[in-house]
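Below are structures written as C-alpha cells.
In what comes next, subunit A is part of two complexes: it sits with subunit B in the first one and with subunit C in the second one.
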Partner chain A sequence: MLTLALIALPLLMSGAVFLLGAKVARSTAMATTLVMLGLTVFGAVQLSLGKTELLNFNQNWIGPLGLHYQFTLDGISIMLALLSAITAPLIVYSTISKTFKNPHIFYGLVLLMLGAMNGAFFAGDGLMFYIFYEVALIPIYFLILIWGRGEDKAKVTFKFFIYTIFGSLFMLISLLYVYQHTTPRSFSFDALYAAGTSLSALEQGWVFAGIFLAFAVKMPIFPFHTWQPSTYNAAPTAGTMLLAAIMLKMATFGLIRIALPMVPAGVAEYGDWAIVLSVIGIVYASMMAIVQKNFKLLIAYSSIAHVGLISAGILSGNAQGIQGGLFEMISHGILSVGLFFVYDIIESRMGHDRINEMGGIRAVNPTFAFLFFAIVMGSVALPFTSGFVGEFLLLLGLYQYSGTLALVGGLTVILGAVYMLRSFQAMMLGAENSATANFAPLTRHETILLAIVVILVVGLGIYSDPILQLSNNAIDSLLATTR
Partner chain B sequence: MKELLITSLLGIAVLAFDIVKIRKAILPVIILGFIATIASCVMDWGMNENPFNNNMLIMDNFALGFIAVLSIVAMFWFLISSDYFVNDVSRTDLYALVVFSFCGAMVLSAYSNLVMLFIGIEILSIPMYVLATSNKKSLTSNEAGFKYFFLGALASAILLFGIALIYGATGSFDMAAISAHISDTGTGTIMTAGILMIMVGFFFKVSIAPFHMWTPDVYQGSPTVITALMSTVVKGAAFAAMFRFFYLGFSSSLEYTSMIFAVTAALTLIVSNVMAVLQTNTKRLLAYSSISHAAFMLGAVMTATSTNPRILMYYILVYSIASLTSFTVLYQVSKVQNGAEGFDAFKGLVRRSPLMAGAMTLSLLSMAGIPPLAGFMAKYFVISAVLDAGYTWLVILMILSSAVAVYYYLRFIVAIFTPIENAGRIVLNDIQRIVMILFTIALVALFFLAAFV
Partner chain C sequence: MEKLVTLIPLFPLVGFLYIIFLGKGLSKNLIGGIGSGAIFLSFVTSIVVFSTQLGGGNPTIVKVFDWITAGTFDIDIAFIVDPLSTIYLLFITGVGFLIHVYSIGYMHDDEGFNRFIAYLNFFVFFMLILVLGDSYVTMFVGWEGVGLCSFMLIGFWYKDMKNNDAAKKAFVINRIGDLGLIIGMCMIFMQTGTLKYDDLFISGSEASSLNGWYLHAAAIFLFIGAMGKSAQIPLHTWLPDAMAGPTPVSALIHAATMVTAGIYMVARSSDIFASSEIASNVVVWAGLLTAILGATVALTQNDIKKVLAYSTVSQLGFMFVALGLGAYSIAVFHVITHAFFKALLFLGSGSVIHGMGGEQDIRRMGGLKKYMPTTHFTFLIGTIAISGIPPLAGFFSKDQIIAFAFEENMLVFVILSAASALTAFYMFRLYFLTFHGKFRGTHDQEHHLHESPKVMTIPLIVLAVLSIFGGLIGFPHALGHTIHFHHWLDHALEKTVVMPFLDMSLNMELLLMLVATLIAACSIYFAYNKYVTKGELALEDDEIESGTHKTLAAKYYFDEIYDALIRKPVDAASAFFAKVVEPTFIDGLVKSVSAIPTGLGSVAKLAQNGKMVMYVMAMILGLILILITLL
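== the complex of A and B ==
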C-alpha cells in the first residue's frame, strides 16, 4: 500500500494542482513532496526492520495477458525512492523565487513526472515499468517545450522526445521477446527473470542489446548522448534538475532491475561493448566538459561522464559495482540539484553563464563561493563527500571486471577535477570585473538550499553505512539469482 | 433485428422531417435513435436471436458488439460535427445519407451470407460517394467523390467476382454451408482465387497497401467532417466485415492467407509512415496515419482464429475517438483560417482554444501509442496477438513504425504549443465542448478499462 501511495499521491495531487489553480500551486506541490519524503523514510525504516507487508502491492490488471499492478519496495528500489524523495522537495524549493506563467500547470506536470518516475522505480512488472518509463517523458517534454528557453527549444525537445521513444521501443521489443517465453504468460519480473535466464546466451545478448539501447539513450551513453546537452540547456532549471537528478536514474536503475537479473549471460558474454561504450563516454564527455564555455553545458557533459561510470560499474556485475551504482545515483542526484542551482543563481544575477566573462565572485560573495566549492568537492569525489563513496565503489567494481577499463574510467576523477576546478577558478577567484562586482548576496532560501545540499553531500560521505546497509541484502539475492 | 429496423426507420424519419419542416428536431431525434440502437444491443446481448430470413443476418454477440461500438462512434460524430450542416440547404438529405450508410455498417457486422456482405458494402459505400462530393462548389470535393466512386465500384466488382467464384466452388452463399464444405473437401483452386479476390476487395475498402492509393486523395478532398466519418465508421465497419469473414466462415484459409496479411500489413506500415513523414498538408497526413492504423487492425484480422474480436472492437473504438477529435480540431482551425491545412494552421492553438489543444494533444499521443493513453493498449493487444501467431518480424516493424509515427504526430504538438501574436479564440458550441471533454476522459479511462477487453 505504501508503494501505491507513493505513486498515486503525486499523480492525484497533480490533478488537484491543475484544478486548484495558480495561487496555491507551489505550496501544494511543496507539501506533496514533503509528505512523499516522510512516506519514503517511513518505508525505509519498515524495510530495515524487515516488515515488508506494507511495501508490496499486487493486483491483477489484465489476467489472461499476465499484466499486474505490481509494485514493490525492496533494497534496490528504496535507494531510488530515497533519491526522488530527497531531491523532489529541493527541486520545488529551488523554484520559490521564480514566477512562471501558468504555475499550476508547471507544478502539476512536475508532480505528474514524480509519480511516473516512482512508478518505474517500484514496478514489479515489466510492462508497468515500460509504461511508467514512457509516461515520465510526457510531462518533461511539455515542461521544456512551454517553459524552456532559447529559440530552438521546439527543435531540441523534438529531438529529445523522438530519440527517447525510439530507444525505449527497443526495450519493448526485448521485453516482449522474453515475455513470449514465459509460461503461463506473465510480465511480472519473477517470470521474466525465469524466462530470460533460460534463453541461450546469444539470445540473451540480443535482448540485452535492445534493453541497453533504450537505457543508453536515456542516461545518456556515448554515442547516443547528442540530445542531452542541448536539452539540458534549453530546459528550465527545475526541468534540468528533474532530468539529471531523477529521470536518467530510471535507466541506470533499469540496468539493475531488468538487464542484470533477466539476461545475466547476455551481459556477461555479450555485454562488453556496452561497458566499453560507457567508459569511452566517460573520457569523451570529460574532454567535452573541459572545453565548454557555458557553465550549464559543462554540468551537462559532466553528467554524461558520471553516468557512464555508473553504467560501467553496474554492468561489471559484481556487488561493489551495483552498490556503488546505487549510491552514486543518490549522490549524483543531490549534486546535480546543487550544481544546477548554482548555475541558476549565477544566471539570474549575471544574465548569462559564460565562464570566462566572470571572476572574483568569491571576493564579493564569500558565502556563495564556499557553498559552491563544497559542492564542487563532492562532484570531484573528494574523500568524505558522497561522490567519493559512490565512485570508489564503482571503480572497485569495474576494476574486478577489467583493470585497464578501470584505469581509463578512473580518469573521470582526474578530468573531473580539471574541469570543475578550472571553471570554479575562472568564475569565483581572481579579480572581479565590472559585472561581477555587483554580484548580489544570496537570498535566504538560496542559502538554505545550498546548505542542505552541502550537508547531504558531506553527511552521506561520512556516514554512508546506513544507506549502504539498506541495499546489501537485496544485492546479494540479486547476484545469487544471476549465477 | 431491432437494431437494424430502428436505424432504417430513423433514416426515413429524417427524410420525412424535411417535408414537415421541423429541422430543429433532427439532431435530437438522430441521437435518440442511436441511443435506442445501443440500448437494444445491450438488451439483446447473449440472447442469440433467431437468424433472420434463411441465415441472411445473424445478430450474434459479435454483431451486437460491433454495432454498439460503431453506434457510439456515429452518435458522437453527429454531436461533434453538429455545426457543419447547420447552414446547408440539403442538410436533411445529408443526415439521412449518413444514417442509411450506417445501416450498411450494421449489415456488415451481422452478415452471415455472402450476398449480404456485398449488399452491406454497397449500402455503406454509395451514400459515402455522395457525401464525399457534398461540398458541391469545391473542385477537390468533386474529384474526391469521383475517385472514391470509381475505385470503390471497381473494388466492389472484384469482391463480387470473388463471391461468385466461391459460389461456383461450393454452390452456396451461406457462410456456414461454405465453412462446412471447406472442412469436408478443402479449398480448391477456384475457391482460393475467390478468397483472394474478396481479400483484394476488402483491402481496397480499408485502404491496405498496395490498394491504398485513393485514400489520401479522397480523405483530403472530402469535407473534413465526412473524412472523419470515413476514417472511423466506414473503416470500422469494413474491418468488422473482414474479421467476420475469416472468423465465421473462412478461418481455415487463414493458414495460407495470414502470410499475405502479414506482408501487406508490413508494406502498409512502411508506405504509410514514410509518406506521412513527407506530408505538409495535415489532412493528408492524417489520411496516411489512418492507413497505418489500418495495418494494425489488419494484424487483429490475421489472427482472427485465435484472438478475440473484442481486440478489434477496442482498437476501432480507441482509434475512432482519437481520429474524430483530430479531424474535428483540424476542421475547426482551418475553418477560421480560410481553409488552411498546413501545420501553421495549428500554431498557437493552446491560446486559441486550450480545450481543443489538450484534446488534440492527447489524441495524437494516443494514436502514437504512448501510455497511459488507450492507444497504447490497443496497439499492445494487437502486437501481443501477432506475436502469439509467430510473426515476430512484423511485431518489430509495428513497434518501429510507431517510433516513426511519433515523429509526425509530434509536429502537430509542436505547432499547437508554438505561441503566436494576437490569436483570436476559436469557439466551439456547448455540445462539441462536452464531447471533447468526454473524449479526453475516455482516452485515459479506456487505458485502465482495457482489463475488460
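== the complex of A and C ==
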C-alpha cells in the first residue's frame, strides 16, 4: 500500500495542481513532496524492522498475459525512494523565489515526473518498469521545452527525447526476448530472472547489450552522452536537478534491478565492453570538465564522470560495487541539487555563468563561499562527506573486477580535484573586482537550502552505516541468486 | 583509561566548531585561548593515554561507531591506542600547542585571525584521526582531512591568486599520491579481506597472506601515497610552494606533523614493507634521491622559508631511507627530533619575518642577532641540532640512520653522508647570512627591527630546550650499554613495528659518530669561512653565471618539466576532445544515425510538428513490438 501511495499521491496531486491553478501550485507541490518524504522515511523504518506487509503491492492487471500491478519496496528500491524523497522537496524549495508563467502546469509536471520515477523504482514487473521509465520522459520534455532557455532549446530537447526513446527500445526488445522464455508467461521480475538466467551466456550477453544501451543513453555513458550537456544547459535549473538528481538513477538502478539478476552470465562474460566504456567516460568527461568555460556545463560533464563510475562499480557485480553504487546515487543526487543551486545563485546575480569572468566572490560573500566549498568537497569525495563513502566503495568494487580499470577510473580522484578546485578558485577567490563587488548576499531561503545540502552531505558521510544497512541484506541475496 | 582517547580529537573539533560558528565578536585573546586551550587539553589527555602504554601495554582498540559496511567490508570509526600512535599523539599535541600559542602573536593583526585559529584546530583534529584510526580507511579520513586543511591554510590569504595556485597544486599533487594509496588499500583488501590493523598485524596476521608480486605492488602503491603526503621525488614539488601559507602553518603542517604522515603510514605497515625487499629498495632510493636533491637546492635558495622547505624535503628523505633500510623505529625517532628543531627553525624564521616587516629574502637581512637576541639564540640551537652536532637532538637520530646505511649499503652511506654535510653547510649559510654581518635591508626596516613579543619567543625557548634534550629518548644502543641508558623508544615500539637489527661493534659505532661529527664541523667551518671571515654574500639573481648554480636555483626545473610533460599535454588533449572529438566524431556519429529516422519522419510527412511525429512513431513501434510478442 505504501508503495502504491508513493506513486499515486504525486500523480493525483499533479492532477489536482493542474486544476487548482496557479496560486496554490507551489505550496501544494511542496506539501506533497514533504508528505512523500514522511511516507518514505516511514517505509524505511518498516523495512529496517522487517515489517514488509505494507511495502509490497500486487494486483492482477491482465491475467492471461501475466501482467500485474506489482510494486515492492525492498532494500534496493528503498535507496532510490530515499533519494527521490530527499531531493524532491529540495528541488521544489529551490524554486521558491522564482516566478514561472503557468506555475500550475510547471509544478504539475514536476509531480507527474516524481510519480512516474517512483513507479519505475518500485516496479516489480519488467513491463511496469518500462512504462514508467518512458512516461517520466514526457513531463521533463515539456518542462525544458516551455521553461527552458536558449534559442536552440527546441532542437536540444528533441535530440534528448529521440535519443532516449530509441535507446529504450533496445531495452524493450531485450525484455520481450526474455519474456518469451518465461513459463507461464509473466513480466514479473521473479519470472524474468528465472527465464533470463536459464538462457545461454551468449544470449544473456545480447540481452544485456540491449538493456545497457538503453541505460547508457539515459545515464549517460560515453559515447552516448552528447545530448546531456546541452539538455542540462537548456533546462530550467529545477529541471536540470530532476534530470541529474533523480531521473538518470532509473538507469543505474535498472542495472541492479534488471541487468545483474536477470542476465548475470551476460554481464560477467560479455559485459567487459560496458565497463570499459563506463571507465573511459570517467576520464573523458573529467577532461571535458576541465576545459569548460561555463559552470553549468562543467557540472554536467562532472555528472557524466560520476555516473560512469557508478555504472562500472555496479557492473563489477560484487557487494562493494553495488552498495557503493546505491550510496553514490543518493550522494550524487544531493550534491547535484547543491551544485545546480549554486549555479542558479551565481547566474541569477551575475547574469552569466562564465567561470573566468568572476572572482572575489568570497571576499564579498563568505557564507556563500563556505557552503559552496563544502559542496565542492563532497563532490571531490573527501572523507566524512557522502561522496567518499560512495566513491571509495565503487573503486573497491571495480578493483576486484580489474585493477587496471580501477586505476584508470580512479583518475577521477585527481581530475575531479582539478576541475572543481579550478572553477571554485576562479569564481570565488582572488580580490573582489568590479564584476563581483555588488554580489548580493544570500537570501534566507538560499542559505537554508544550501545549509540543508551541506548537512546532508556531511551527515551521510559520517552517519552512513544505517543507510548502508538498509540494503545490505538485499544485496547479499541478490548476489546469492546470481552465483 | 584508554577510553579517554576519544576525547583527544574531540577537543580540537569542538574548538574549531565553536570558533567558526560562535566566535564572532569574541576578543582575539579569547579566541586564541580557546584554540590553544583545546590543544592543551588534548595534550594532557594524550599524556594520560600515553602512560597506559609505558609498561609496554597491549594495543587497545576503542570503537566509537560503525561507519561503513558493505558485504565483507566493514570499517568502524575506531581508535587504536598503542605505542606508535600515542608517541605521535604526544608530539602532535605538544608541538601543536606551542604553535597555537605562537600564532596568537604572529597572526594578531590579521583580519582573518579567528578563521586561522579555527583552521589550525581543524587541522589538529584530522592529524589526530590520522594517527589514531584503527584501519587504513580511518587513517585515510585524517589523511585527506589534513590535506584539506593544508589547502585552506596555504591559500589562507586567498585574495592573492598566487597563494591559491600553490594551494591547488598541493591538493592535486597530494591526490596523485592518494590514488596510489587507494589502490594499495584495494589490493590489501582483495588479498586479505580486511583493512584493519588489528586483523592485519596485531591480533591477526592477515598481512602475511599478501605474497608474490601482489605484496610488492601493494607496498609500492602505499608508498606512492606516502610520496605525495611526505613530498618525496617525484611528488615533492608542492611543498616548497606551500610556503605561501602563514609561517606557523609551515611550522606545524609543512614541517612538524602532516608531512611526516607518510612515515607514520609506512612504519604502521612495517610488516608489509619488511617482507618486500623490492618495495623497501624503492623506498630507500626515493628517499636518498630526495635527501640529496633537497640539500643541493637548499644551498642556493635565498628565501628564508624556501631554504627550510627544501631542508624539510631533504630530511624527510633521510627518514624514508631509514624506513627502507628496515629501521622503522629510527625513522620515527627522526620524525620526533625533526619536529622539535624544524618547528623551532620555522617559528624562528617567522619571528625574523615578523621583525623584518614581511621581508623573507636573506640577501636583505644580516646582523639580526643584536636586534633579536632570543630569536637568534634559539635559531642557532635549531641550526646546530639539524646539523648533527652532539649532543643535540638531531645528532642521535641522524647518526643512527647513517650507521644503518653503513651496515647495509656503502653507496647509500656515502650519499647520505654527503647530504648530511650539505645540511650543515646550507643551514649555517642561512644562519650566518641572516644573523651575522651587516644589516642589508632598507633604512625603514632597520628602524622597525624588534624582538618578537613573549607569546612568540616563549614557544621558541621551549622548542629549543626540546631540540637540545629530545634526542635522549632514542639514545643509541652502543652508548646505552656502557652508561646504562636504555634505548627507550625502541623498547616502546617493539610491539608495534618491525625492529631494526644493527650488528655493529661499539668501537665501530663510536668511530662513525666521530666521523659524522667531524664532517658536520668541517661544513660549518667552510660556511663560517665563506660567509663570516670572507664576508661573502648570496648572489643576486642576475649575477648567477654557473650552470650548476642556475639549475639548483631553478630547483632542477621540475616544475617546468611537469608543465611540459603533464600539464600541457592534458590541457591540449582536453581541448582537442572538446573542440574536435566531441562535436565531430561522437556527436557526428549520433547525427548521422539520427538522420535515418528523421528521414523517415519527413517521408511520412504526418504533421508539421516533426518532434511529435518522432515521439508517436517511437511509441507505435514500441506497441507493435509488445503486441507481436504477446500474441
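Note that in this section the second predicted complex is superposed on the first by the 483 of 483 C-alpha atoms of A that agree within 3 Å, B and C clash if a C-alpha of one lies under 4 Å from a C-alpha of the other, contacts with A are read in each partner's own complex, and residues count from 1 in each chain.
Keep in mind that, in the parts below, contacts are C-beta pairs under 8 Å (C-beta built on N, C-alpha and C of every residue); 3 or more make two chains touch, one makes a residue touch a chain.
Since this is a predicted model, take the numbers as computed values, not measurements.
Which partner does A:Ile173 reach: the first (subunit B), the second (subunit C), both, or neither?
After superposing on A, A:Ile173 lies in contact with both subunit B and subunit C.
In this superposition, which partner touches a larger number of subunit A residues, subunit B or subunit C?
Comparing subunit B with subunit C, the partner touching more subunit A residues is C.
Using the superposition on chain A described above, determine whether A:Ile146 touches subunit B (first), subunit C (second), both, or neither.
first
Contact-wise, after the overlay, does A:Arg354 reach subunit B, subunit C, both or neither (first, second, both, neither)?
A:Arg354: touches no partner chain.
In the superposed arrangement, does A:Val413 touch subunit B (first), subunit C (second), both or neither?
Touch status of A:Val413: second partner only.
After the superposition on A, what does A:His181 contact: first (subunit B), second (subunit C), both or neither?
A:His181 contacts neither subunit B nor subunit C.
After superposition on the shared chain, which partner residues are touched by A:Gly403: those of subunit B (first), subunit C (second), both, or neither?
Touch partner of A:Gly403: subunit C, not subunit B.
What is the contact status of A:Lys159 with respect to subunit B (first) and subunit C (second): first, second, both, or neither?
second
Looking at A:Trp61 after the superposition, I want to know if it touches subunit B, subunit C, both of them or none. Which is it: first, second, both, neither?
first
Enumerate the residues of subunit A that count as touching subunit B in its complex and touching subunit C in the other.
Overlap of subunit B and subunit C footprints on subunit A: residues 65, 127, 134, 154, 157-158, 161-162, 165-166, 169, 172-173, 176, 180.
Subunit C touches which residues of subunit A in the complex?
Those in contact with subunit C are residues 65, 127, 134, 154, 157-159, 161-163, 165-166, 168-169, 172-173, 176, 179-180, 222-227, 284, 287-288, 290-292, 318-320, 323-324, 360, 362-363, 377, 382-384, 388-389, 392-393, 395-396, 399-400, 403, 406-407, 410-411, 413-414, 417-418, 421-422, 425, 429-431, 462, 464-465, 468-469, 472, 475-476, 479.
Contact residues on subunit B for subunit A in the complex?
Touching subunit A: residues 365, 370-372, 376, 380, 383-384, 387-388, 392, 395-396, 399-400, 402-403, 406-407, 410-411, 413-414, 417-418, 450-451, 453 of subunit B.
For subunit A, which residues are in contact with subunit B within the complex?
Its residues touching subunit B are 60-63, 65, 127, 130-132, 134-135, 137-138, 142, 145-146, 154, 157-158, 161-162, 165-166, 169, 172-173, 176-177, 180.
Within their complex, state which residues of subunit C touch subunit A.
For subunit C paired with subunit A, touching residues are 65-73, 77, 137, 140-141, 144-145, 148, 151, 155, 158-161, 164, 168, 171-172, 175-176, 178-179, 182-183, 185-187, 189-190, 570-571, 573-575, 577-578, 582, 586-587, 589-590, 594, 597, 610-611, 614-615, 618, 621-622, 625-626, 629-630.
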